[in-house]
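Two complexes follow with chain A in common, the first pairing it with chain B and the second with chain C.
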Partner chain A sequence: MSKTEYVSPEGLRLDGRRPMEMRQLRAEIGTVAKANGSAVFEMGNTKVIAAVYGPREVQNRSQQLNDQALVRCEYSMANFSTGDRMRKPKGDRRSTEISLVIRQTMEACILTHLMPRSQIDIFVQVLQADGGTRSACINAATLALADAGIPMRDIVTSCSAGYLNSTPLLDLNYIEDSAGGPDVTVGILPKLDKVTLLQMDAKLPVDIFENVMGLAIEGCKAIANYIREVLLENTKQLEYRRGL
Partner chain B sequence: MGLPNASGDLSTEVEVDAFRRLFPLRFFEKHLLESIRPDARPLGRARDTTIALGAVASANGSALAKIGSTTMLAAIKMEVMTPSMETPDEGCIAIDFHMPPICSPIVRPGRPAEAAPVVAKQLSDTILSSGMINLKELSLVSGKAAWMAYLDIYCLDADGALFDAALLAAVAAFSHLEIPVVSLNDDGKIVLSEGQGLSDREPVNKEKRKVNLGSIPFSLTCILHKNHILADPTSEEESIMETFVTVVLDSSSQLVSLYKPGGPVLAYTSAIQDCIALTRQRVKELRKILEEAISGMEVD
Partner chain C sequence: MRGLQLPLSQTQRIRLQRAFEKLQSLSSKANSDASVTVADTIPVNYEDAFLKGHGTTDLNGELVATVCGVVERINKLVYVRGLRARYKPEVGDIVVGRVVEVAQKRWRLEINFTQDAILMLSSMNMPDGIQRRRTALDELNMRGIFEENDVVCAEVRNFQHDGSLQLQARSQKYGKLEKGQLLIIDPYLVKKSKLHFHHLEQFGIDLILGRNGFIWVGEHVETRDRMVVDQANSSQQSMVLEEKNQTHTPLEMRQNICRIANAVRVLSTLGFSIDADLIMETVELSSSLKIDIHDMLGSEFHVLVAEREAERRSLMGKRRR
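Now for the complex of A and B:
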């Protein structure tokens, strides 16, 4: 057991945050001109760019679905995104797993039956990784889908939480994530109050797990408020430009 | 030009868009007759260019370059390696260019874009042959340790002139590069030192130092169509008119590289000389933009 203190006796974490405090959020819509929808999402030092292409014609006819849209997702990390330069940014197991997770999470909220025989591509690229990349990718994908005008049941927001030094911590950064303690990632549909993604590593007693999951859900709701503000601001800008 | 237009009168918005999609070449030629392009640029002018240094905080040097909508993010990471036997006093630069699927609707995941390895090779050749970086500067201990600089360039938005934007981002990243401080530890291995030197000798300066850049290469891609020369094409223009010429000049206006990979239009020497003249002008603009970006960083 290492003696590193992740939460100091005064209640401050390694980067000066309180245990229930999230990192600073920043989002921008419409960054990739060529894409139908795109967004950049930052959670502290984790920076992710997402682009959505679709609905468009299915590229591989054999995969076409006659009653709903085909959703594809690819997650990749830039070579310089982590501390040491990565050799294989995509195609390795972690990237394939996260691509699958993001696809299934977003598929749950897109109204695919409205766009049969079409394809929606979600591409996520991690530019800087400092913990919570999975959550940042899902948040960025939500914004990009909204920017593309794809009909959805609700926005999906995601946040992670952990448990170190007997304290539930919200929004882990890379150092806290690598500490070996549990890491709970939650994705919810805030208005419908439903959980669409729930992943956890390491061991945790069930009652503490409920606390930590509750904390992550609070984090998701805070992100949902921020995302709604960003989308509202974007819509106002579009109205001004159209002269309404 | 003998066939009548599908819509003789182009006054309504919808018909212009349809004409643009259905008859792209005629749409462009109508504009070229007036010596202007659909985005209102004169034929020899490039799009608005911006450079932001230090875009990636975790890299040793980085830059984000935008030419119009084309966006390139370049980042350099330094690692220590053993130099090869033939060049014990020189470091090494590895240049890699990626086009992730976010940049363009025609790039599919699993299948890399056709343009990516071509631009990567072009960049590699241009940067290494231009003499911008003296590899001997990247040496640490002769024969035992030297720096390997990994330059990764990611295209975040592909809207024409990929090579120009990538070269600009690479050059800007090198001008932002700071070589980290290292020292020799007791095992004779090089370690990154935090703050002051910990042990024995310090093969490099006591503080992070910048790389001395020789002559910096800048480039301009031009499209040749009949007897017009269009500077800095967008992706729409590139897909319709396929003959392009890329000229790379360095800051002392010497020709570093000239690239014309075939194409339906044959160029006379006068056309090539016009391209070089356009590039010369562009080099002045780009130098100014780069210098402003660098001095902006130093003020911080």
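Now for the complex of A and C:
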């Protein structure tokens, strides 16, 4: 069996990108009218919608925290999001894990102590899956939380990077993701310059790992710049429309 | 960017864009650097003493915003006025809420706050208007005053030490709202003013602009405390007759309610701050152009309202100068 070439001799990847090139980003705020905050985030063909409700009254009184807000997160994947239409039961292991990851990442940046005895619900759904859903979900959730006016320490941005054909690759798509190589997902707080999420399900030598992670962090920073631009534009628009 | 989800034709899109550009050029603050996003550094003179207010935090000696909004400076205080957040109550605000639970001696009201607000039975005017201690019997008859899902108007009384919010309704003007529509808009669009109850005499309609973004448009009632007729004194027959009168709302009245409600909806989708004058102007615009009530939510009327608002604000700016 011949080995698939993920990077051609000319230095191009399967979808025509350079190894350190990211897919095109697109973000839209305010897509769910009823939610307190909502956003759609696209990275190439990966498309994710996020909706935030709250801070609101805690539904289950026994979970109420007296000194901080309760953050809940639900991740789901639309049945039509992948090529093969699989009926996945709600609450399978993969989505439970990603829900937990997103919840912990967002909880780290929300100033929960300012909203005691309340609950914040984050719902993210993958509309199109083409690799990097985890990072796209985190980016969408950040935008939605900022739209909902929830105080945050910093915005969280996330990006993935991999290592195939002895080349570090930024922002893997589905084909590269399923090649079985290492896939490093990093989430950072760009202003504080801190890592809040780091996941890898493979082995890598330390020196290469550092390169790959550095690349992913660069990707996160680029996404952060884009997200800030979108948020600033949105804020300005709301303000001038409101008038005096 | 928050896009309007409207099907616009090419010309409508250009007109709307032009109206928004005009609004942008009129607004003084949008052009300056007052707008910040999460984790933006707020420029302050560190040599002077300053107080950091809401929406800001201290990060390695720098003043940093924690919400998206506009930086406001009052004397030494620097704070970020957030847009599009849930309602932050202040004592004395007039709010409209929906009853979610009837509990022991209290009602729980959903008012778009981080918690449900509490309206105690003891901070209500009794229907018979007599000042007295509330008895166990009053407590049993609480559902006769407000039930679940009733819309209620009240005033913010105080914050409890545990952060929960108490309301009061100690006046004829507060109480249950009937025969009308409740609209929910973003609270930052409702400006604080001296008057939040409006009686639109030409339509015979009451308009209540709740500070929490809940807006009530309903038929005018003279005394709003008609909630409970004292069961013991009134005869059964007159009750039935009275109820029949109460349930009927004439068609014209319902159309008026819908027209005003749609005007509010249009203004809130466009993101304009809402007051009674602006609502009335929008209503007059729609009726002078003979636009049907259901067409008010179409794209053409949105564009018209945006153009009108741009014109109005530019006139206001000139007058001020």
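One rule holds in what follows: the second predicted complex is superposed on the first by the 240 of 244 C-alpha atoms of A that agree within 3 Å, B and C clash if a C-alpha of one lies under 4 Å from a C-alpha of the other, contacts with A are read in each partner's own complex, and residues count from 1 in each chain.
Just so it is clear, a contact is a pair of C-beta atoms (placed from the backbone, for glycine too) under 8 Å apart; a residue touches a chain by one contact, two chains touch by 3 or more.
Keep in mind the model is a prediction, meaning the values are calculated, not measured.
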Do chain B and chain C fit side by side on chain A after the overlay, or clash?
clash
Tell me the contact category for A:Val32 with respect to chain B and chain C: first, second, both or neither.
first
Of the partners chain B and chain C, which touch A:Arg72 in the superposed model: first, second, both, neither?
first
Could you say whether A:Ala222 touches chain B, chain C, both of them, or neither, answering first, second, both or neither?
neither
Winner on chain A touched-residue count between chain B and chain C: chain C
With the two complexes superposed on chain A, say which partner A:Arg56 touches: chain B (first), chain C (second), both, or neither.
both
Chain B clash site on chain C (candidates 57-65, 111-119, 129-137 or 255-263):
255-263
Would you please give the residues of chain A that touch chain B in one complex and also touch chain C in the other complex?
33, 56
In their shared complex, at which residues does chain A touch chain C?
28-30, 33, 36-37, 54-57, 69, 111, 115-118, 146-155, 190-192, 228, 230-244
In the complex, chain B residues that touch chain A:
56-59, 62, 69, 71, 73, 75-77, 79, 96, 98, 100-105, 108-109, 150, 152, 154, 156-159, 235
Taking the touch rule as given, give the residues of chain A at its contact with chain B in the complex, in rising order.
31-35, 38, 45, 49-51, 53, 56, 59, 72, 74, 76, 78-83, 85, 121, 123-125, 127-128
If we count contacts the way the header does, which residues on chain C are in touch with chain A in the complex?
1-3, 5, 20, 23-24, 26-27, 29-30, 35-40, 55, 57, 59, 64, 66-70, 82-86, 110, 114-116, 162-164, 188-189, 270-273, 309, 313
